[in-house]
Structures are given as structure tokens and as C-alpha cells.
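Presented sequentially are two complexes of chain A, the first with chain B as partner and the second with chain C.
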Partner chain A sequence: MAAAAPKRTGAVESYSTWRWTDRLALALCWACGIALCVAAASILLYMGFRGLQYLRPELLFERPTGAVDQTKSGGILDPILGTLMLTVLGTAIAIPLAVCVAIWLVEYGRPAGLARAVESGVEIVAGTPSIVLAIFGLIIFQQPWLGWLSFTAEGGGVFGRSLINASIMMSFIALPLVVGATREGLNAIPGHVREASYALGKTKAATIRRVLLPAVRPSIATGTALGMGRIAGDTAIVIILLGNTLLIEPQEGMPVLGLLTGTGSTLTSYVYENSPAGEGGAYEKAYAAAFVLLLVVLVLNFAVARVVGGSSTSRSNLWNR
Partner chain B sequence: MATSAPTATGRPLAALARLREPWTDRRAELVLGAVSCFVLALIVGMVVFVFSKAWPSFSHNGLGWFGDTGNVNQQMDRIQQPGTAEPVYDFGAFDLIWGTVLTTGVAVLFGAAFSTLAAIFMVEFAPESLRRILTPTVSLLAAVPSVIYGLIGILVLAPFVGDLISQDRKESVAGVISLTGENWLLATFILAVMIIPIMTAIIAQALRQVPRGWTEGAAALGVNRWRVMWTISVRTARPAIVAGAVLATGRALGEAIMLAMVSGGTAFAPNPVDGLTFFLEPTRPLAATIVFYREGLANPAMASTLYGIAAVLLVSAMALSIGAYVVKQPMKKYGIRT
Partner chain C sequence: MESLMPPPVRRIAADRQATVAPAPSSNGGEPALDGAPARARGLSRPDRPRVPAIERMRAENLVLAYGGKPAVKGVSLPIRQGEVLALIGPSGCGKTTLLRSLNRLTELTPTATREGRILLDGQDVDQLEVTQLRRRISMVFQQPNPFPMSVFDNVAYALREQGKKRPGKKELAPQVEEALVRAGLFDEVRADLQHPALRLSGGQQQRLCIARALAARPEVLLLDEPCSALDPKSTEVIEELIVRLREEVAIVIVTHNLQQAYRVADNVAFMYLGDLVEYGPTDQIFHAPTQHRTREYVGGAFG
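Entry: the complex of A and B
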């Protein structure tokens, strides 16, 4: 960088001097890039068009009914509530666990063998298909000693499907994302920040609590929003572990616990069941629910972009001033 | 730690008050370590549980589990309703495995080529305005839930493809399978759309981290921009391309809902000998089969078979994550983090 860079002119090189294979490859690059944009735009526009065509405001506030006649089958209030509850519960379970694991891995990590094992375990969960998590959850929650988490039949058979069970398995989907984001955040904090805290006489635990945790809050938020998007978009765990009843059906007798141990549905399972692949052929309702689902996921995704965009510059300024 | 707060009177209150005190290092390490061990135990428990449930099906069929031992649809019907008191375990998953390999393999091969070109475009050739659109576009495509891809596939693309198939072709195979728009090629196409954004993001990140001096050196020797990208950047980022492909393979293997919706829903092994019809034949990959027979989980024999499928998926996913770790090592040599 000693010599001044030559002034850039508009036409640096002309493609006509390229060999034809290079020009063909360049054309392919353009084609692939444009195709990505076209695919995204067509999905968004088509779902938006269908969604606005079939989504009426009253659908959002009406409970669904099982009628075959589509004018009487009600709205999508219960699936929306189901998605909200499942997403919130799932991340609420995942965040404390994931943050603890990430802090332990980065700040302590002793004995090293155990740390490696935990690391690979989290990696395994990240790669596990959600359908496998779903049917694993079913065997676990059908054990008699976990019967209080769901509906128990008269003969003593445990149903194993409930909101809380589905949330616990959903938290496994969010867990690796939050662990990964938090670890990355912790690794990005320079060592001198920790040393400054120790020099002031703080213990390691106090440093974690007062210095590191506030600093990685944006990373945790990023991981959480990504995890929420994945939970809201997951179908397999819902149709297997949530019971997949159209309405939210709390167990009787218990006010809050009944809701948690009851069954329900989410937007994803509603879309699946109303598509030709499921039982009903109510594609108008499926489009409307899919549109709402797409909006939810996109909002979460842009929340990530805002958090990441806002924090990466400010954080590096914060430490390296 | 031993000094309890003066306000605490009873034992539980004292314990609560002690929790509010600043934690000592030792306690913090123990608590955090215990939580990590708890998570690890859950994960190990999952692997063990899935295998123990799958054992009856594996031990009964032996290696035949992976082979072609008859029509899978009929086998699964017999497992579901044996008609005798004895549970039936006979099962050979070849058709399902072939369906998985076909959809995943073709989608990943096509996706890897496409994503490499798209990533080169994103990093090097796209005009500034397009580049600003492309990054959110890729994350948007990655974020769309699979059930929405499935819905578009089954309601829009499948009828369109179904209309293109001639009546003669449908009649020629009428006795064996019905050719609708739902076939493995359509499923593979949608699968590719789902995994391309993941791969593109990984490859683009690696291409951006190729040391500037390397590409500038090549450009200074008079090499054109495409050659610089292809011979220097792509070659350096080759491990990232493989790692992205491995990650995408894991995603494609586990994709259940979209494939259950558009792959045709019948266990059939598309046969390349069938000529053009091959591309229009239905199939049903492993993960989609679990969704398909989810009501049968109450039946022990059926459950064992489905957990066997889950165990195969789990082992494949584990092998893939080890593979991704191994192929990423050469990048570290250059100081490139992926």
C-alpha cells in the first residue's frame, strides 16, 4: 500500500477480450444470481397475493371449527395462539440452558474431555432432523413417570402429547443456535476486558455476571430470534408431539397447568392438515395461515438483521476505543 | 458462602437468601458444568433410547433391513395389521433409502454447482445495487418454513407438472404406479431451492475471506476477474464448498414435511432404466415415511420400524457432522474461519 493506487476508470476491462468459456461462466453466474432473486420474489409475491386474497381480518380472531363447509370452518385464532405459546415456551426453556452451556464451554471448559463431549453433543443436536427429535420425545414422554406432563388415559396409558412436551423438544431445536451465537459473542470479547475486571478484584463469577453477560446480550438475542424462527417454522414436532388437535384443548380441572398439559395446533400443522397432503382440502385456509406464518418468520428474521447490523459495529467500537 | 443473611429465619428462606449472594467461582463452575452435563446426558439418552427402541426391528431383519425384501408398502401394512397375535417385523427399507439417496444426492449436487456460481456472483460480479438485495434474499429463502415450500409444491407446481405428463405415459405404468405431478424430480427441485441459500451463504463467506493479496497478485499478472475467482478464490474456498454441501446434505436428509407433501407418498424406487418416465416416478424418502405412518406409533412393531428409520437418520447426521468438521480443517491452515 506504499504507492498510490492507480485511478480507477469506468471501463477497467472489456468482456469481449475474455475467452468464450470465461464469458459463458460469467453468464452462468449472472443467471444463478438472478434466479435466486426471482425465486425469492416469486415466493413472496405469490404467498402475498394468495394471503391477501383469502385472509380476512375476522379469520385472525375466530376459533376454528371442524366443519367441512369452508364458509363455516372458522378462523385461525387457535393455531396462531399455539404458534405463539410454543415459540415463547420453547425459547424460554432453551435460553437459560444454552447460555449456561456456552459460558461453561468458553470460560471454564474443564475437564477438556468433557468440554469436547458437550461440544460434540450440541453439534449432534444441531444435525438431528426434527422428525427424529419428535419421535424421541414421544418415547420419553410416554414413560409412566412423566405422565403428569400430558394426558393419561383411564387404563394408565400415557398419551405423551402436550404443549409442554412439544416445547421441551422444540427447545432442542433452538439450543444449538443460541449456544453457537453466545459462544461466538464470548469469543469476540477481547481477553483484556476480562483481565481489566480481574484487576479490579472481581471474581471470575462476578466477571461473567457483570461484564460478559451484558456484553453478549446482542448475540443471545440473535440466536434466540433465529431459534424462534426455526421453532415457528417446524412442523414435524407439532404434528407428532402437540397432539395436533384443531382447538387448544386444556385438561380440565387445572387453570394454567391444564393448558400446558393440553393439546393444540400451530400454524404449520394447520397449513399441513389443510393442504391436500393432510385431511382437509381447504386450501384457502391453508394459504391464509401460510401467509401469517411467513410474516411471523420474516419479522423474526429481520429482527436478527437489525440486531446483528446494529451491534457488530457498536461492539467493536466499544472494546477497541 | 457460609454466612447466611441476617433476615433469613427458616431453613428454606436461608437457602434462598444464600442464592442471592454473589456466587463464588467454584459454585459458578459447578452449576454451569452441571447444566452442561445435564444437556449432554439428555443428548446421549436420546441416541441410546432411539437405538434401544429400534433394536427389535434391526435384530429381526439383520442386514436385510437395508436390502430389498419385497414391496415396502405391503410390508408396512403387514407390520401395522399383522392379522395374527405375533407382531410382524419383516422389513427391507431399500426403496426408502434409494428415494432418500436420489432426492438428497441430486439436490445437493445441483445445489453445490448452483450455489458456487451464485456465491461468486454475490462476492465478485454483482453490481452494488443487486448485491444489497442478494444478502437479504438468501436469508429470506433460508428462513421460509418447509411447510410453505410444501404447500407451494403441492398446490401450484405439482398440478402444473401433472398436466404436462401425457395420458399415454400415465397409462403405460397404470398397473404399478400412478404418475401425478408429485414425483421425485419435483421434490428434488424444491429441496434444492431449500438448501441452496444455506450453501450460498457459507461459500460466499469463505470467498470473502480469501486473502486480498492472493487475488490482487493474480489480477496484477493480467488474469481476468473470472479466472482470478475460479483459480484462486474458489480453489482456496474448496473446503468450504464441501462443508456447505455436507451441511446441506444433513438438512436434506432430515427434511420430512415438504418431502411427505410433494414426493408422491408411495414407497417406490424410481428406476433409471425406465427412460423418461424415471423422472416422473413417485418415491418416499426415509424421513417422510415417519410422518406418513405417525399414527402407527402406538403399535410396538411399527414403532420399532419407525425408530429404526430414525436411528439410520441419526447415524447419517452424526457421520455428516464429523465429515464437515474434517473437511473444514484445511481452511484453518490459511487462517480462514468458517
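Entry: the complex of A and C
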């Protein structure tokens, strides 16, 4: 008679040895993780369902009009372009500033008092609600000497609202995220990698430019993707600083500068205005625009990963494997 | 056990083959040389051709401290081209600190202080511009640390001089290739010079780091436990390289592997708690040490 094969014990101890509180905590961890997945999936699925239901291709290419009759109120071309321009400009301003701040903090960071002050500065910017940034920006950009950044009325009053002004304030939203990710990336580079460069007779500048920056590109990309999402999703700065005009309205007579100093709107403000919360009550358009906003953010994230993060081949900065 | 043993290094012009075999070890699992000191002396070392020794560097009364706590206490040493110098000693005795002070890397540690003189060809290193100095004295670290760029660019990076107009890839290619050949890596990476260096294996990465260090034709090469992360095969390649290079470059190697020190070094310095306990020709240190601390330390390895 063959003896039953002895039962092999598991690699992990059996839960029956756990206290009931530990078991409950573990169950909660599982539940929370799964709940988050469900929440994310329902947002995506519901918005996708609604978006596809109301989104017609021509909406993407038609300019909006102010008509109350929804069959005549046009498409969402201007808000789409507004979101794209604002996000790209905002991050384009934020990335160099943030990378400089992070490099100074990690690679120099002396005197220590100044470094602490810079760190607090970044934290304060990170913690400031965007509506506060917007109001502050408006006060600044309405100063007469900054009048060239926006539209100046006949009497000399500065309007203070323009694409470039909104982008500058938007960059403050992305800045702390890029600073944080870049700092983390720099801190993760072992000291001997820097020393290896110095040991070849390289200056600190060459080391930062040729060794550290390429190594933190993926980190910069991560921070940028987060920052872009925040910029594309912000409404307060759009309403207060971009002018929230339904159409993109460049200033007359200047080809590119006119666009930068002109006003416009974005998908977020469009959704807000057309949702039941705003005045339009055109929820079909709101759903379509919200869905497009989601897609735009996804596309921008993908683009950032490719452009800033570099090809996937350079993304193996694993000195500590 | 056998797979743990670094295979014997075959010397150029060796008439007898070195026999190194696993033996019951008396030193915490470290494989030991077969046989008594007398036999080992006759077998493994003296066969390699002597090359003329020229003194390139000298440390005089070197005292190094971190935040006032001394790590190296009054060490004087010559470093010669043509003779490999091995630094041995228990963990924490100051080998790395001593090595890093030679190309003034310790000065990057804010708490580190130094007393005493270091001479390179009779000139005090403190008087040399530091980037110039480090081009002449390059260093390979314990952990492989290729830069996040292609294999080619890693070596080319070392070649491009500061401030000068950057030479193009075409002009650098022969020098890059030569450095890779010297480090024994070229055959393996010939086809993918443009691949990211961090995709190489650990042993290949370390040889790339050696190629990089050799590319700018340094006069002194500092190696800090270069083989500690490597397999026996890569270790053998690097040891052969060290022995071959000693003619053109003055080499200092820190190692915890006494067999390795025995195989590659002409002179050995034994350090203990920051003191240079004994310095002398390899045979003397391993077979006839004058200090009992040295005898205790190397005794385990050679029975």
C-alpha cells in the first residue's frame, strides 16, 4: 500500500496563525486595492460610453458658437487647441526651471539655509490652490509694465489675461511635481557614478550634463506626465487668466505673438460651462468634451514618455541591480 | 568548490604552468593555494618577465581623517610603473581612503581632511589642476558604473578633453577600439558599440569601466576591488590585463582576495586599522612576513 505523499507546506505561513486584527487589516488592503481598480475602471468606462455616445467626429473639427440651440452650437475645436497649447506651453516653461531647481538642490544645495528655503518654496508652490495662483497671477500681469503680455485697452488698462500669462501660472502647478521626480531620480544615482566621472578628469558641469541628466530623463518624464495631467485638468487658471472666451481670439496684427497674448478656453472650462453646473446645461457636449479631455491627457502622457524619457533603451539606469 | 576557484592566470612566457587547486581551507571558505609556501613560491609567481620599475608616485606621511577621526595614519609608499602594488588588509582599515586620496577624490567628501604629501613624478599633486591630475591618475571602482550612454560613448566620453572642440566619432573610433581591445572587451561588443552600456553584463560593464579608465592613457591606474562582483572568467581576464599593463601604467589594486594579490602584485602593502603594517615584495609578505599581524592575516590563505 503506497503511503500518501507527505503534504508540502506553503512558502508563506498559513493565515490561521495570524491574529484576527491582522487578518482583518489584510482583507481591508485587498478590498481597498480592488475598490480603487473598480473606481478607475468605472470612470473610464462610463466616460468612454457617454463620450462615444455623444461624440461625433465633426465636433472635433468645428469651431464652437455661442448658440443656445445645441444643434447650432458647433464643435469643440477651439477648446481642444486651447488645452493642447496651454499644456504644452505650461510644461515647456516648467521643465527647465524645475530641472535647474532639482539639480541645484541635490548637486549643490549650499548654503544649507538657502537650500531649506528653496525646498520650502517648492512645497509652498505645491500646496497653493490653483485659484490662488490665478488671482495672484492676474494681479501681477495687470501691472502696466507687463501689459505687453496681454491686451491693453484704449485708456491704458491692462487686461492681464492671455495664453502666455495662463501658461506661466500653469507652470507653477507642474513645477513642484517635476522638481520632486527629478530630485528623486538624482538621489537614486549612486555617488560612485559621479565620482567615476570626476575620476576621468571631468568637471562637475560635464558630469551633470553628460552623466546625470541622461540618467534622470525617465524621472523628468514621470514628473512631467503628472504635471501635464494637472495642467490639462485645471479650470481656475483658465477661467481667470486665459479669459475663458469660447473662441481662440488672437490679438490682431501679430502672427504668433498675437496668439500667445490672445485669449481662449480649454476643454475643462468648456465642460464646466456646458455641464449642468454651468449655464449651458448641454450635457451631451460636456460628456463628449470630457471624453476628449481624457484622450488628450493620455496622448500627451504617451508623447512625454517618448520625447522626454528617451527611447526605452536608455531607460535602464540600473546601477544597483 | 571548484567553480568558486578563479582559474590560474597563465603568464605570458610561462614555462611551467601554475597549478592552483582547491584545498581544505582554513580561512572562512576562501580557497587556498595548494601546498606549502615553498612550493607555491616555486610555482606561481616568478615566471613572469621582470620589467624595469620606475617610481611614478610617492605618498609621504599621509594622514587622512573623516571629521577628525583618523582613517589612514601616516602612510608612506612608493608607487612604481612596472610593478603592481596591492593594498590588502581587513575591512575598514583605510585601503579605499588611501586609494581615493591619490587622485584627490577624498577632497569631495566634506568631512575628509588630509595631511602629508602625495607626489606625482616629483610634483606635489596639490599643485596640479585637479581635472588634469585625474586624467593622469584614473580609477576603477568596486561596483561597475558605466554611464547611461552607449558603449562607444562611455569610452569616447573619457577621451574628449574639457574645453576643446569635441572631436567627432570618426576621429575617436580608433582610440575607442584600442581601449576596448586593451580591456579585453572589444570582441564581445564589436557588433553593438551603439547599445546602451547598462545592458552589458556585470563583468562586461567592469571591463568597460577599465577601458574607459585606460582610454585617456593615464599614467597611474587605481583599482578598488575591481573583481569583487565578477565571475572567475572575467576575473581572469582582468588579472591578465593588470599584469600586462604594468609595463605602461603604474597600478595600485585594492583586493580582499589574497590569491589575487599573490597572482598580480609585485609589491604588497598590508594595512591594519589605518596603519601601514608592512610593505614589501609579494613573496616576502606572503612567505616571510616580519610582522606578526601580517603573518596572522596572510597566514590563513597559505597554510
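Heads up, the rule we're going with is that the second predicted complex is superposed on the first by the 261 of 321 C-alpha atoms of A that agree within 3 Å, B and C clash if a C-alpha of one lies under 4 Å from a C-alpha of the other, contacts with A are read in each partner's own complex, and residues count from 1 in each chain.
In this section, contacts are C-beta pairs under 8 Å (C-beta built on N, C-alpha and C of every residue); 3 or more make two chains touch, one makes a residue touch a chain.
For clarity, every value in this text was computed on a predicted model and none was experimentally measured.
By the touch criterion defined above, A:T203 reaches both chain B and chain C.
With both structures placed on the common chain, the touch criterion links A:F151 to neither chain B nor chain C.
Looking at the superposed arrangement, the partner reaching more residues of chain A, out of chain B and chain C, is B. Within the superposed three-chain model, A:A232 lies in touch with chain B and out of touch with chain C [touch as defined at top].
When both complexes are overlaid on chain A, the residue A:H192 reaches chain C alone and has no touch with chain B.
When the shared chain is aligned, chain C comes close enough to touch A:P214, but chain B does not.
In the three-chain superposition model, chain A touches both chain B and chain C at residues 203, 206. Chain contact summary for the complex, chain A toward chain B: residues 13, 17-18, 22, 25-26, 28-33, 35-37, 39-40, 43-44, 46-47, 96-97, 100-101, 103-105, 107-108, 110, 114, 117-118, 120-133, 135-136, 138-140, 175, 203-206, 208-209, 229, 232-236, 239-240, 268, 271-272, 275-277, 283, 286-287, 290, 293-294, 297-298, 300-301, 304-305. Those residues of chain C lying in contact with chain A across their complex are 103, 105, 108, 131-136, 138-139, 141-145, 147-149, 157-158, 162, 195-196, 198-199, 209, 212-213, 216.
Residues of chain A that touch chain C in their complex: 190, 192-193, 195-203, 206, 210-211, 214-215, 313-314, 316-319. Against chain A, the residues of chain B that register as touching in their complex are 22-25, 27-29, 31-33, 35-40, 43-47, 49-50, 53, 114-115, 117-118, 120-122, 125-126, 130, 133-134, 136-141, 143-148, 150-152, 154-156, 193, 196-197, 200, 224-227, 230, 250, 253-257, 260-261, 265, 287, 290-291, 294, 297, 306-307, 310, 313-314, 317-318, 320-321, 325.
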